[in-house]
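Some notes on the structure that comes next.
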Amino acid sequence: MQSEIRRTLEAVKNGTISVDEALHKIKMDPFVDVGYAKVDLHRKIRQGMAEVIYGAGKTPEQIIGIADVMIKNGQKTILITRMSGETAEEVGKVHTLDYRAEAKIGIIGELPEPDGIGRIVVATGGTSDIPVAEEAAVTAEAFGNQVCRLYDVGVAGIHRTLAHLDEILDASVVIAIAGMEGALASVIGGLVACPVIAVPTSVGYGASFGGISALLSMLNSCASGVAVVNIDNGFGAGYMASMINHLNGSSKEQ
Amino acid sequence: MQSEIRRTLEAVKNGTISVDEALHKIKMDPFVDVGYAKVDLHRKIRQGMAEVIYGAGKTPEQIIGIADVMIKNGQKTILITRMSGETAEEVGKVHTLDYRAEAKIGIIGELPEPDGIGRIVVATGGTSDIPVAEEAAVTAEAFGNQVCRLYDVGVAGIHRTLAHLDEILDASVVIAIAGMEGALASVIGGLVACPVIAVPTSVGYGASFGGISALLSMLNSCASGVAVVNIDNGFGAGYMASMINHLNGSSKEQ
Amino acid sequence: MQSEIRRTLEAVKNGTISVDEALHKIKMDPFVDVGYAKVDLHRKIRQGMAEVIYGAGKTPEQIIGIADVMIKNGQKTILITRMSGETAEEVGKVHTLDYRAEAKIGIIGELPEPDGIGRIVVATGGTSDIPVAEEAAVTAEAFGNQVCRLYDVGVAGIHRTLAHLDEILDASVVIAIAGMEGALASVIGGLVACPVIAVPTSVGYGASFGGISALLSMLNSCASGVAVVNIDNGFGAGYMASMINHLNGSSKEQ
Amino acid sequence: MQSEIRRTLEAVKNGTISVDEALHKIKMDPFVDVGYAKVDLHRKIRQGMAEVIYGAGKTPEQIIGIADVMIKNGQKTILITRMSGETAEEVGKVHTLDYRAEAKIGIIGELPEPDGIGRIVVATGGTSDIPVAEEAAVTAEAFGNQVCRLYDVGVAGIHRTLAHLDEILDASVVIAIAGMEGALASVIGGLVACPVIAVPTSVGYGASFGGISALLSMLNSCASGVAVVNIDNGFGAGYMASMINHLNGSSKEQ
Amino acid sequence: MQSEIRRTLEAVKNGTISVDEALHKIKMDPFVDVGYAKVDLHRKIRQGMAEVIYGAGKTPEQIIGIADVMIKNGQKTILITRMSGETAEEVGKVHTLDYRAEAKIGIIGELPEPDGIGRIVVATGGTSDIPVAEEAAVTAEAFGNQVCRLYDVGVAGIHRTLAHLDEILDASVVIAIAGMEGALASVIGGLVACPVIAVPTSVGYGASFGGISALLSMLNSCASGVAVVNIDNGFGAGYMASMINHLNGSSKEQ
Amino acid sequence: MQSEIRRTLEAVKNGTISVDEALHKIKMDPFVDVGYAKVDLHRKIRQGMAEVIYGAGKTPEQIIGIADVMIKNGQKTILITRMSGETAEEVGKVHTLDYRAEAKIGIIGELPEPDGIGRIVVATGGTSDIPVAEEAAVTAEAFGNQVCRLYDVGVAGIHRTLAHLDEILDASVVIAIAGMEGALASVIGGLVACPVIAVPTSVGYGASFGGISALLSMLNSCASGVAVVNIDNGFGAGYMASMINHLNGSSKEQ
Amino acid sequence: MQSEIRRTLEAVKNGTISVDEALHKIKMDPFVDVGYAKVDLHRKIRQGMAEVIYGAGKTPEQIIGIADVMIKNGQKTILITRMSGETAEEVGKVHTLDYRAEAKIGIIGELPEPDGIGRIVVATGGTSDIPVAEEAAVTAEAFGNQVCRLYDVGVAGIHRTLAHLDEILDASVVIAIAGMEGALASVIGGLVACPVIAVPTSVGYGASFGGISALLSMLNSCASGVAVVNIDNGFGAGYMASMINHLNGSSKEQ
Amino acid sequence: MQSEIRRTLEAVKNGTISVDEALHKIKMDPFVDVGYAKVDLHRKIRQGMAEVIYGAGKTPEQIIGIADVMIKNGQKTILITRMSGETAEEVGKVHTLDYRAEAKIGIIGELPEPDGIGRIVVATGGTSDIPVAEEAAVTAEAFGNQVCRLYDVGVAGIHRTLAHLDEILDASVVIAIAGMEGALASVIGGLVACPVIAVPTSVGYGASFGGISALLSMLNSCASGVAVVNIDNGFGAGYMASMINHLNGSSKEQ
């Protein structure tokens, strides 16, 4: 971004663009205003990844409109998260859509080949955590990662966790997803030598308080190398894990 | 208690005691009023265990006074919990006192021989949980239990927990004590076939909120057979574990 | 479990099984993966009790599938908790099901004869607490306990509590279930010489905050010998009480 | 107050006072501004009781100054609450002061003869609640009530509560003071036919959260006829109980 | 109650009743067990007021059943609170029912003549608080009180509060009902010389947190003579106010 | 108001009105009681602005009734907030109504010409905050302000915020509306030299806790010149901003 | 700021400065880095007011150092908030310092003449709120406002509030400061036609929860025209009030 | 770990070690029990990093003892966190200690050369966050990372953040540390294409609630690629960032 300003300044100096054009360029370039939203166009360049539309609370028409602008601007892969089946059906009439019902994610365009450093393990404590896990897993796949799913390996049956020790130890990043007491993150964090992204879920009842119990557990993990995202935020975990799994010289803006 | 009332009623009927005496007996017998406290004298009979003085906030003089009344009434073993070293020194000048500094418990009289069903394991997640664990362990010992201490076996190093699998599996009751994320209770609860009493501790910082994080974790344990006592309540856990470990026909009031 | 590892190691030494078989055995034996769940098969041996399927959020098909695996592996009694009437109807078409509507529990197979140390009292503060109480009572019965139900004996009419003093004093374990201010646990805890499992319920309104008021009351009980499970967790209380009521030499894993 | 306005209006009409005097009277009369405080002088008339100085955070000089203004205006009895022993000593050098150390209340002037409808019972769950109870009891006495103190009658030993049934049933108002689980208010509320003022105290540890547990218990009391004041607010309870105990035709402003 | 025991004891002594009869009398008399509830029969004697059925969560059949037992035992006035219109219609087919829709209270039998010390003022901050106010007002009327309703007199328009100063100052008890910031209780508490029962309501949005904001305001009222009941607890306030308004020598149990 | 009292007093003195008339005038003038509400008539004079009916929880009939009283008393512009489309349709049958669906505000009468000091900027972090923003914007317009809407300028794409720097720096007041982490208020507060009214919204999920996260962020803003209103309180923000934008000598009551 | 960029761009175009100089200017100009802090130099221009040093947690040396840089850059008035008396003494040895002990504010340089639109009223509920009020009042004075202090006018004695009606109605902005139940903001907000900045204070005990009670009250104020700052944030309220009181065409950046 | 078990099994098969030796090896090898702690020896191998002693609550003797065991087992670099200056002085008498006072970290042994993928930026919102930042920075350096410190770049002066855009955009990982409203994480998260570890701090007052405000802000960040650690957990952030910055084929256990 800084270098863009430099390029703009040099263009002003060289007389290639006027002062007003320069001002306009600095302010107006990076997004298109479609009324109900300001669509970012350079996020890929600025953040190194594909575009995402947060589908919750958006009408099919709005989603289609935003996708149109993105496609017109050359975006190849678009992820639409938190999209209901009904909305997906509508969007699918206009754009070719690969809808993953459990993850509630729709994909326009092709998924990239996995090109990360290693494999991302997505582990859950129970079966009720699977929708959040699928949101994380599909997100990670959409951003070019190989994903290994380990579901229902909660710590109340520690042998089930340990039975998958090979896959867990082999991961470059682990996404640990659990509701209730959220102990999975600590147990996995104590086993692995790679970063763990912990996702508390709202699974549970009574004193789980909609995910607060798991959230606090994960924030207080006695294992080092654990960081936490919002309750039920599978997308955020998958995105973060992908960022980590692609970290290298070329991930920095040129 | 019911049978006491029956005996009193029969004594009234037989003319052994008057109506006023009966009324007085029902109301006045079970405790002695020393002004600042009403000292229970029949708790041993009513609850099957030795007498306990909760030492927090009591002066040495008050503790000595209460102990005097108990001893006069034939109590053989008295436990004084949450007593500072300074208070213990003062009390020790009057009564022969066995003071366990780490547990902050003073004992007047002799400890009973272990006569429980099995052995109580007291396990902690970290070293900072040891004072609470000692309160639990000494309490259990004072009520006639054999205790096995397993300290610093937290789940972030699950191999440390598993290394003591033999002792853990051999317990009749496990007291699982942990602060921070409190995952120890779930992991142990998933391994054993005996009741687990979970004690959250106030160990931790930030989002541990003085033990709330561990408390919620333990209440939401995905393992069955886990029940929870108040934050830092080592005494309560030791007492409960002893009750369980002595359960049999004779524990019921005759 | 430790002894299983020893047996496996000895089998390796004796050449009875290969190293790879041993590794596989350690990792793969204790459960069957049916895709949406990992079905524990040895919990009975490991935890000393029958198998339980947590029905909430599972489809009839999933419940039937999990039960199939369990039955194939020789499980005689299966408890399905938190199962709606509709689901029960579907499951009942495939398996002979004894459905207890108030407890929302379905039972496949026969209930065992009571073989516990004594009788478990299940007491509630009010009539609205009865569904939680039935979950606890049926669970306890399913694990081989004699149960005495004392409903609507809340402390605001202390004479109603005291009227049942005989049954309460005669219990080997009491499960005290109450919403609102949850005082029942303290009052009963002060009367009995046996362990009390307290279950806060979400019954109430306003500042009961969905069970938080009762939960805090029970955790802060001034009576000793009280431990607490999650809000509305009747199953957990029944399971814990059964564990306690069956405690003896043979409950430990051989 | 309304009638005062009427009198003022009539004085204006009659020309006894000017409009400006009337305005001044309406605005300026009821208090004296001593800089750091506005001292109410007519509260006795307006609220039917003696004057009170809330001593917390006031210097001895400020307390003396406020008392001076009150005495000059004819106040016979002044209560100074939440006053430390050190402050009391200083104030005692200037005004004859009856200082009740446990209640932290100082009294200037004479206490009135009890003239209430009946007797106020002040009951506590434990010995640690006594300072709050004394604040309530001395306040009630200072406002002309006969007080019966019942300390350490908590519900964990329900026989101790029941032993005092006569005094409790005989009260015109009961002040029920308890920390921890605060069940005392419910148990007493279920026994008596008179109003119960419940005072949660900050006595306890862990999940008592500085009195929140007792506060919630009392607000959720399943007994009717219980109302609650702030945590540790002994003064408020004593004042409210006195108001109730003096309720009659003459308590209404004439 | 104590005197009942005395009478029973004397009857035993005199041989009028046997020991077993005495025991049975002490335990069994005060309620009838109808399966789903234990119906108190002597509450009127014990607590000085008519019987109340808490209607929430009870079927029309259960309410009818409980009312039947009460009527059979001579109860003349029965109040059914928190009863929906549908339930009222069903109950009305069996018993003559005076249903107050806004208060959600049904009355079987006749209301007593007002016989309290003075008049109870029921004031609300806004119009949305009226259902809670009607619950309080109808309850107070059902227990023999004259009620003055002052609705929508919230402090944001302090002139509306002051316009009713005469009625407010004339009350023997004020019930101050408000949601949102709950300031009404403090303003009225500062004006009157009689007890104020404050009822926080769940009226509001956002940071009113379902009544917590008003509840805390009222507990922290800087005015003396204010006590608080649970959020939306109109019944409790009306009951408490009636107790206060009937306080006299004869309110004590003879 | 004070001057009104003076005028009344002078009229009494001059004999123009009687004492009783004066008393009546002081108490009865400022509102009309329509049973379910007390309609303020002089709020415009007292608070300098048009009348507002809070529509939530009111029936169409009640709204029409209140509006009738207002119109009869000469009110020209009436704002009805939080009114559903269905209610608006009913009200529209009786009064000419300009209904803004997104803002859920209905307007009876004509909007005034903008006459404020400057322009009010209404900015939102995301598209989901728009309904709250429209409530604020329409309110501000209804009270005579020019409004500039800047939607979806959240800080996660700081370039989108900065792109509108000109409009933001040019505002006389900024209303910053955001859910989730609510950082918009701090970023704008750090840029501008005018007051910022921050409105947290309930937009978000998980640990946003219905707007608590944004509320706390805004209260803790490290930027000076930021004050906060209730969660989702667009009306309050628009009203406050209008007050500020019209501040001058004439805004004070004459 | 935008216009600064324009000037810089024009300078680049005219060749007055080089591209690198321009870049440097954009990044480096607005503050001086003194190691432990980045001292803003253009905030006055950017935000229209004098410079402020937040003194809490800064050593006298750090404060002196930051003040030195500010003075060197031409700042005439410097406000140091939350500064202890000890620190003030040290700073006073180097710079001429006007230290207001109650407000904990030190002033270097001269205070400006009042030049606001009207007068700012600073009102408190009690005497314990005075330190927060003085922080607000001195801040407002330091930014060129005339301030009227009304202390101890809390709503429990509503006549004390009303006695100052003239001053309150005459204000251009009111700062309403209160702890405990924080009702002052609502009562004043209902009286005045100008903006009210509400400041909750941590004054109180028990369920005031360090200011949460007052904070929630103020956020839920049923009066319009009230906005809230952080607990005890007198400075923020004074600053905001000054911004409002100086609002006019010239407050916008030129 | 799995491969260790394999090697052990093969050794058993080959007769190199006995079954008992194998069992002992599996259980006993990975740590040394020094009584008050179980010292992990293979964490380096298991987790890929140097050993850390959590100094809080440990005596100098305990720290020295644990360090002794580690050094004896070949550990080259030992980090002691949360160690006071007094303790550091004592430890420094026995081991050569490099004590960083602001970070409260002591280092025994030499720091490694930076060998990470890129540079870690540690940014803070204010100067009070610096101690937490130094804990993070020194930790990252101790694990072989190059660190760039950007302190006091909070969003209230967004130009200060933007002035360091080059360093921020150039980072491989950013650690964003802020108290109060914690907006820094969102603003930076919106700018960079690399992972952001957010650390809420307890800096602030009033409604910052000891870091809860910042914690919630960061969890709800509208920017993707942000994960959060516990309040004030600088060590955890530095450790996690180092893990990420060293991620490559060789970080996986061989």
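We call the chains A, B, C, D, E, F, G and H, going by the order they appear; numbering starts again at 1 in every chain.
To be clear about the criterion, a residue touches a chain if its C-beta (ideal position, glycine included) is under 8 Å from a C-beta of that chain, and two chains touch if they have at least 3 such contacts.
Source: prediction; values computed, not measured.
Student: Would you mind naming the chains that touch chain D and likewise touch chain F?
Tutor: Chains that touch both chain D and chain F, as defined above, are E, G.
Student: For the two copies chain E and chain D, is the contact made of the same residues on each side, with over half of the numbers shared, or of different residues?
Tutor: same
Student: Just curious, how far off is chain H from chain D if you go by their C-alpha centres, in Å?
Tutor: Chain centres of chain D and chain H, defined by C-alpha means, are spaced 55 Å apart.
Student: For chain F and chain G, let me know how many angstrom lie between their CA-based centres, rounded off.
Tutor: The mean C-alpha positions of chain F and chain G differ by 25 Å.
Student: Just curious, how far off is chain C from chain A if you go by their C-alpha centres, in Å?
Tutor: Computed from C-alpha means, the inter-chain centre distance equals 39 Å.
Student: Please list all residues of chain B that touch 2 or more other chains.
Tutor: In chain B, residues 1-2, 26, 157, 162, 165, 191, 206-208, 212, 215, 219-220, 224, 230-231 touch at least two other chains, as defined above.
Student: Return all touching chain pairs.
Tutor: Per the contact definition above, the touching pairs are A-B, A-C, A-F, A-G, A-H, B-C, B-D, B-E, B-H, C-D, C-E, C-H, D-E, D-F, D-G, E-F, E-G, F-G, F-H, G-H.
Student: Along chain A, where are the residues that touch chain H in the complex?
Tutor: Per the touch definition, chain A meets chain H at residues 1-2, 46-49, 52, 117-118, 165-166, 169-173, 191-195, 197, 215, 219-220, 224-231, 235-237, 239-240, 243-245, 247-249, 251-253.
Student: Considering the complex alone, what residue numbers of chain D touch chain C?
Tutor: 125-126, 154-158, 180-183, 186-187, 189-191, 204, 206-209, 212-214, 216-224
Student: Using the touch definition from the top, list the residues of chain C that touch chain A in their complex.
Tutor: 1, 27-28, 30-31, 36-38, 40, 43, 56-58, 200, 202, 210-212, 215, 230-233
Student: Along chain C, where are the residues that touch chain E in the complex?
Tutor: 127-128, 130, 151-153, 157, 159-160, 162-165, 205-208
Student: Which residues of chain G touch chain A once you look at their complex with the stated criterion?
Tutor: 2, 5-6, 9-10, 12-13, 15, 19, 22-23, 26
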